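Lettered A, B, C and D in written order, each chain numbered from 1.
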Amino acid sequence: MIKVLFFAQIRDQLATSELQMASDENSSVQALLSNLKARDDKWNRVLSNTRLMVAVNQTICNDNVDLHSGDEVAFFPPVTGG
Amino acid sequence: MIKVLFFAQIRDQLATSELQMASDENSSVQALLSNLKARDDKWNRVLSNTRLMVAVNQTICNDNVDLHSGDEVAFFPPVTGG
Amino acid sequence: MIKVQSEDFNQQVEYNRLRKDPSVGAVVTFSGLVRDINQGEQVSTLTLEHYPGMTESSLAEIVKQAESRWNIIDCTVIHRIGELQLLDQIVFVGIASLHRQDAFAACEFIMDYLKTQAPFWKKETNAQQQSYWVDARDSDQEALNKWTDK
Amino acid sequence: MIKVQSEDFNQQVEYNRLRKDPSVGAVVTFSGLVRDINQGEQVSTLTLEHYPGMTESSLAEIVKQAESRWNIIDCTVIHRIGELQLLDQIVFVGIASLHRQDAFAACEFIMDYLKTQAPFWKKETNAQQQSYWVDARDSDQEALNKWTDK
């Protein structure tokens, strides 16, 4: 399984902070994103934000990273701390 | 009269912190420097230091500035505060 | 030292810790505070959300990069989370070094990377009690360029 | 605020004064300290000579230049004179501004100009009780270039 997290506006807009996805159908961040967008119009719109950031196992990366069972993937908007 | 001040190493080496010079013979910083260097070998050597800095009326300047009676001229080595 | 905490911090305590080593010639500190006006809105409270775990590891990675680029004797990063009020301290970065150039550069580098890489998000509440997420500033993204051009 | 004084200063008091205005989003401070080793010598005491009158006016001119280049809400410069001991504070520069870029730049600019334009001279006494004037550092002169190239 892959643990998927959403933060800030992305979490608010999806009304979801965390979910589990099967790892075999979601072998890359791209595949995972496609499956999530396919859920409905809202998910498609929110996750199509061009400024969406992704972290795999708590490290920021791009969406062609491979995923494996046990990985933690997070989607969030540009950070605004400091 | 022109008030002439020396600071730090320059003052130590000349064993002089302050003196007065007639303003008519010292109409520029260059003329003043020439008169001071003419005093003896030590003054000539100390004031020939290429890193010598000069301030007229408490503003750093170069040695072609004109002088007038009542001006305050200071000679000092590169500053090392902070 | 890296800390992510809801409690306030004492700038004096952090400064005194940084100046303890007798080889320290320069201490540069940065403090970020809750301003009254942000992006045109009157701010009443600010809430900081973060990604627990990643927050600490991303700050550690940023500090490691700074330590590899400059000669740093000691470094402190503190970032607060949760609800903050007007004038509250949000973030502290302090650098102790032999000479000022290293301290200035490392402190600004850490802030520039923290602003764009560390997973914190600000939600403001305005005077009318409306809440909204703060937009990322393009100038923060541009601020990174000065570190990659070199 | 510009002060040239023999007494020590309290960094916390200065920091708190700079963060009072509710529009302040960023405070950057620089503190210069007496190091144990300078230019290869073990330092026991440091004596700061200055040019009374010109010291204050040159610092005021440097601050004025910084204020004309960056958006500064408040600025404090304190420089000590007389005899100092190991670990003592020598100089403080603090800048309060809306955003961090102005605070970092103005603080570093003031230190770079202070180091090369303000009439202070350091005399060190080493562990063998020998006194000598500190040499100016070429790197301080070079540090000015980054402000004139722009």
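Keep in mind that, in the parts below, a residue touches a chain if its C-beta (ideal position, glycine included) is under 8 Å from a C-beta of that chain, and two chains touch if they have at least 3 such contacts.
Quick caveat, the model's predicted, so the values are computed rather than measured.
Q: For subunit B and subunit D, what is the smallest step count along a path of chains that touch one another?
A: 1
Q: So, what's the distance in Å between the C-alpha centres of subunit B and subunit A?
A: A distance of 71 Å separates the two centres.
Q: How big is the gap, in whole Å, between where the Cα atoms of subunit C centre and where those of subunit D centre?
A: Averaging C-alpha atoms per chain gives centres 23 Å apart.
Q: Just how far, in Å, is the C-alpha centre of subunit C from the one of subunit B?
A: Once rounded, the distance between the two centres reads 48 Å.
Q: In angstrom, rounded to a whole number, how far apart do the mean CA points of subunit A and subunit C lie?
A: 26
Q: Provide the list of subunit A residues touching at least two other chains, using ranges where the numbers run on.
A: Residue numbers touching two or more other chains: 82.
Q: Find every residue in subunit C that makes contact with two or more other chains and list them.
A: Counting only residues that touch two or more other chains, subunit C contributes 32, 100, 111.
Q: For this entry, which pairs of chains touch?
A: A-C, B-D, C-D
Q: Flag every residue of subunit C that touches subunit D in the complex, lowest number first.
A: My answer: residues 11-12, 15, 19, 22-38, 86-87, 98-101, 103-104, 107-108, 111, 139, 143.
Q: Mind pulling up the subunit B residues that touch subunit D in the complex?
A: Subunit B residues touching subunit D: 5, 7-9, 12, 51, 55, 58-60, 74, 76-82.
Q: Show which residues of subunit D lie in contact with subunit B when the two form their complex.
A: 32, 48-51, 53-54, 57-58, 79, 90-91, 111, 114-123, 133-137
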